[in-house]
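Here the chain labels run A, B and C in written order, and each chain numbers its own residues starting at 1.
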Amino acid sequence: MSKVSVMEKYLPYILIAPSLAYLLFFIGYPLAQGLYLAFTENGAFSLENIEYLLNSPFSKFWEALTDTFLLVLVIIPIQVAIALGLAMLFNMKFWGRNTALYLVILPLTISDVAAGLIWYSMLSTNGFFNKLLMNIGLIKEPIYFFGYEYRPMEFLAIVLTEVWRATAIVFVILFAGLQMISQDHIEAAEVFGANVWQRLRYIVFPMLKPSLQAALIIRTLFAFQIFGVVWVLAGRDIPVLAGEAYYEQVQLRHTGVAAIYALIIAAISVTIGYIYIKLFRAQYLEEGG
Amino acid sequence: MVDVHLKGIVKRFGKTIAVNGIDLDIRDGEFIVLLGPSGCGKTTTLRVIAGLEKPDEGRVLFGDRDVTYLPPRERNVSMVFQSYAIWPHMKVYDNIAFPLKIKKFPKEEIDKRVKWAAELLQISELLDRYPHQLSGGQRQRVAVARAIVVEPDVLLMDEPLSNLDALLRVKMRSELKKLQRRIKVTTIYVTHDQVEAMTMGDRIAVMNKGKIQQVGRPDEIYLKPANVFVAGFVGTPQMNFFDATVEIRDNEIILDASDFKVRLPRDYLPVLQEYNGKTVIVGIRPEHIYPEGHAPTTAKKLSWIEGTVDFVEALGSDTILHLNTGSMILVVKISGSHHYEIGSKVKVALDLSNIHVFDKESQVSLLYKRQREVQLS
Amino acid sequence: MEESSIVKYYLRKIIVAGLVILAVLWVITPFVISILYAFASKTDYYSPNILIPLHYTLEHIQKLLDLGATRAIINSVIVAVITIIISFALGLPAGYAFAKFVFRGKDSLKLLIIGLRMFPILVIAVPLVTLYIRLGLNDTLLGVALAHTAMALPFVIIISSSIFAGVPKELEEAAMIFGLDRKGAFFRITMPLALPGLTAAAIFTFIMSWNEVFIASVLTLTNRTLPAFILTSAMAAPDFIKFAAGFIMIFPAMVFVFIARKYLITMWGITLK
């Protein structure tokens, strides 16, 4: 073998190696380090952090766990439903579609912190929403969304903000998926007598399954990392896993406890990803000749 | 089973006018072919009939029912899409069965019909496969099978045989035609293959640039083309066209082409009278020009000219001569295999009873303009 | 029959238009309101009867900048730029390899990269602190940028591979036939063709880093990036300072996205697959 072709043979590996090494280091090392931090105290094995996490009156672990799951369970279905509806709406032809599309996906670029601040301006006591309702006379007193005693309203505000901010991602994935379904396929069903519901049921949904799967995985994984929105709107009134990790690390310097939170988020993500991939299967794409 | 009427259909896509004022009356149970070059608006016309496009102007009638704004599924039509539109997530069986399932046929009936259609299109062994496991031609046959399992009022087919090999295509042509005769469904069939159009259509509508150029039986389209476009589009090799000046002296008609003169029979006098001194377009098909010794005995009115052999296409069943008459090339078709030396001189006869004359400006046939009033854009 | 089908047809059009307007309003209203409030005068904001502010001022933005936001903005830009440089330096060659070479293990490697993209990257922040303290990287912008690179790198690899794959192989091969080597062909042919797409990818990397708050908050104390600064400092400030903070955060993102809007959908489509 000549020198050039040996070079050619290994070139792709050489090109990929630095990235891979970087990623493996920056993800592998922290995971190992996280385990070490979580289960040691002054260099010796210890369950002190776990003990603190589960039983300390300062720890809001169980609340954080349930609230995170609750938020995910409420937010994701709403997002998927709205995104699906929007994707189908935008799959039709109408005047000004591109402009409308651009406007609808604007939140894609907005960080969670900024989204929290934006919705704070909508919902605060002197915010737009309260002023609007008071001025048209629907309410006399402002509706309070923020403060520990209004926790259900804080929860609602978080849901609203997350739906506003992150539905766009689901929408874009589903819309791209819909666009890949050739219009002919839907029209053919229409010609053969399928009504709107039948077209969705038999043609659109089955063909959209891969996109739906991708959207669900991505959204769910990110939803379990929810932090910025919650921190801006509710602080620790509604504790979430990432928020507690932040709090334990930055405010209390409980690095070990924060590391456990991090590991829990990682474990949940991996499990969820695995479940989704098992659950959804686009059979027609896999069955070979 | 229904008659279909298109009244002044116009369809624009932004600046392009895909269909530009189409009037067409299709009889109940008729097999009509839309024939025309690529991009002339055939698919668009079909989609308007199916209800997939709303025309910008005009109406679509099924019988006396105005269906212009009716959604496709309320029209009881069936369609073979040009792109097939076979659903990739359904097996072939389910693809074909879909229209029946939607119309709530009983299971045994669905099974019977799917098997029947698959048999007819020779795809029985493929029923259990997914579309991505099929070749283009096989997919196309699935699309045809899916369109014929139901009995629609109107069957729309957009180039349904374009992707089949020659042998299968010939067989499918006759199968489809037989089927259509049997179930007597009103059929609108799009193709740009003129052989297909000639052999299958009860009538042919020749289209160009979004307009219908001529509607008629296949033999009418061939023998009495209404304008230069139809004359040139139908028939292979293409009809010979040349400019000639009309000279009428003592009831004698002379067509003066630059290289030669042709004396026309008196029969042409009524139509050519007013063209005295003017230039017209003359057309004659290659099969209506006979070299010495090849003139059929039935051909009476002949006009002889001479030319040099420029080029010979030996097709086996036919021989095509390209004859240089000075400043133009005449294409001559002789049936059978014959040998000609390039450069040799050949005398050929134009069959004057099969000559076509068109107005130079409007390109409309002077002989057959009553067939249909046509304006070219 | 005819009448009712026309009515139905237009009714459908009206419903579609209505829904689209509703969707656009739902997205746009909070944007508009928050931007208006960021510039509204104090009295207008606290007056219960003034829905849309009438008097505007730059005071809040100014106050926020004085509070330390200027420094934070500069920090954010530095972090984002370092992130772009490192992640592109590492990611482009890998993306090119995935796009243009056939090699054993390619699919598994690609799957691994996509899997790492899914990994909840904020998890790495806490353990990194210990490492950074040892390396002297704690509370430095470089440290944040290195972590952000871990977040952006899979994205850069996937997106650049799809961009490179979009440049027909024949073009490069033609260049090689006419005397360029692989490297020459890459820099003279492929790179210029891929440039617009890569620019858009860089913009997205910028926004990713600009928006990231958890890692930045955990890894810095004094050298806060903008989101980290806002999370700690601005939260205690009066409402209108918060709105100003919101505006400063969304403004560059929106400008950048406007520039790269043509690529917006395709890019998200590709990276999130």
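Keep in mind that, in the parts below, a residue touches a chain if its C-beta (ideal position, glycine included) is under 8 Å from a C-beta of that chain, and two chains touch if they have at least 3 such contacts.
Quick caveat: nothing in here was measured; it's all calculated off a predicted structure.
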Of all the other chains, whose mean CA position lies farthest from chain C?
B
When I count C-beta pairs in contact, which pair ends up with more: B-C or A-B?
A-B
Roughly how far is chain A from chain C, centre to centre by C-alpha average, rounded to an integer in Å?
15
Report the inter-centroid distance (CA atoms only) between chain A and chain B in whole Å.
57
Spell out, as numbers or ranges, the residues of chain A touching 2 or more other chains.
none
Where in chain B do residues touch at least two different other chains?
71
If you look only at chain C, which of its residues touch chain B in the complex?
1-2, 5-6, 8-9
Touching residues on chain A, where the partner in the complex is chain B:
182, 184-185, 187-195, 198, 202-203, 206-207, 282-284, 287, 289
Going by the contact rule at the top, pick out the chain B residues touching chain A in the complex.
50-52, 71-73, 76-79, 81, 83, 85, 87-90, 98-99, 102-103, 130, 132-133, 146, 150
Touching residues on chain C, where the partner in the complex is chain A
13, 16-17, 19-20, 23-24, 26-31, 33-34, 37-38, 45-46, 48-51, 90-91, 93-94, 96-98, 101, 103, 106, 109, 112-113, 115-116, 118-131, 146-147, 149-150, 153-154, 157, 207, 210-214, 217-218, 227, 230-231, 235, 239, 242-243, 245-246, 249-250, 253-254, 256-257, 261, 264-266, 268-269, 272-273
Spell out the part of chain B that touches chain C in their complex, as residue ranges.
54, 65-71, 74
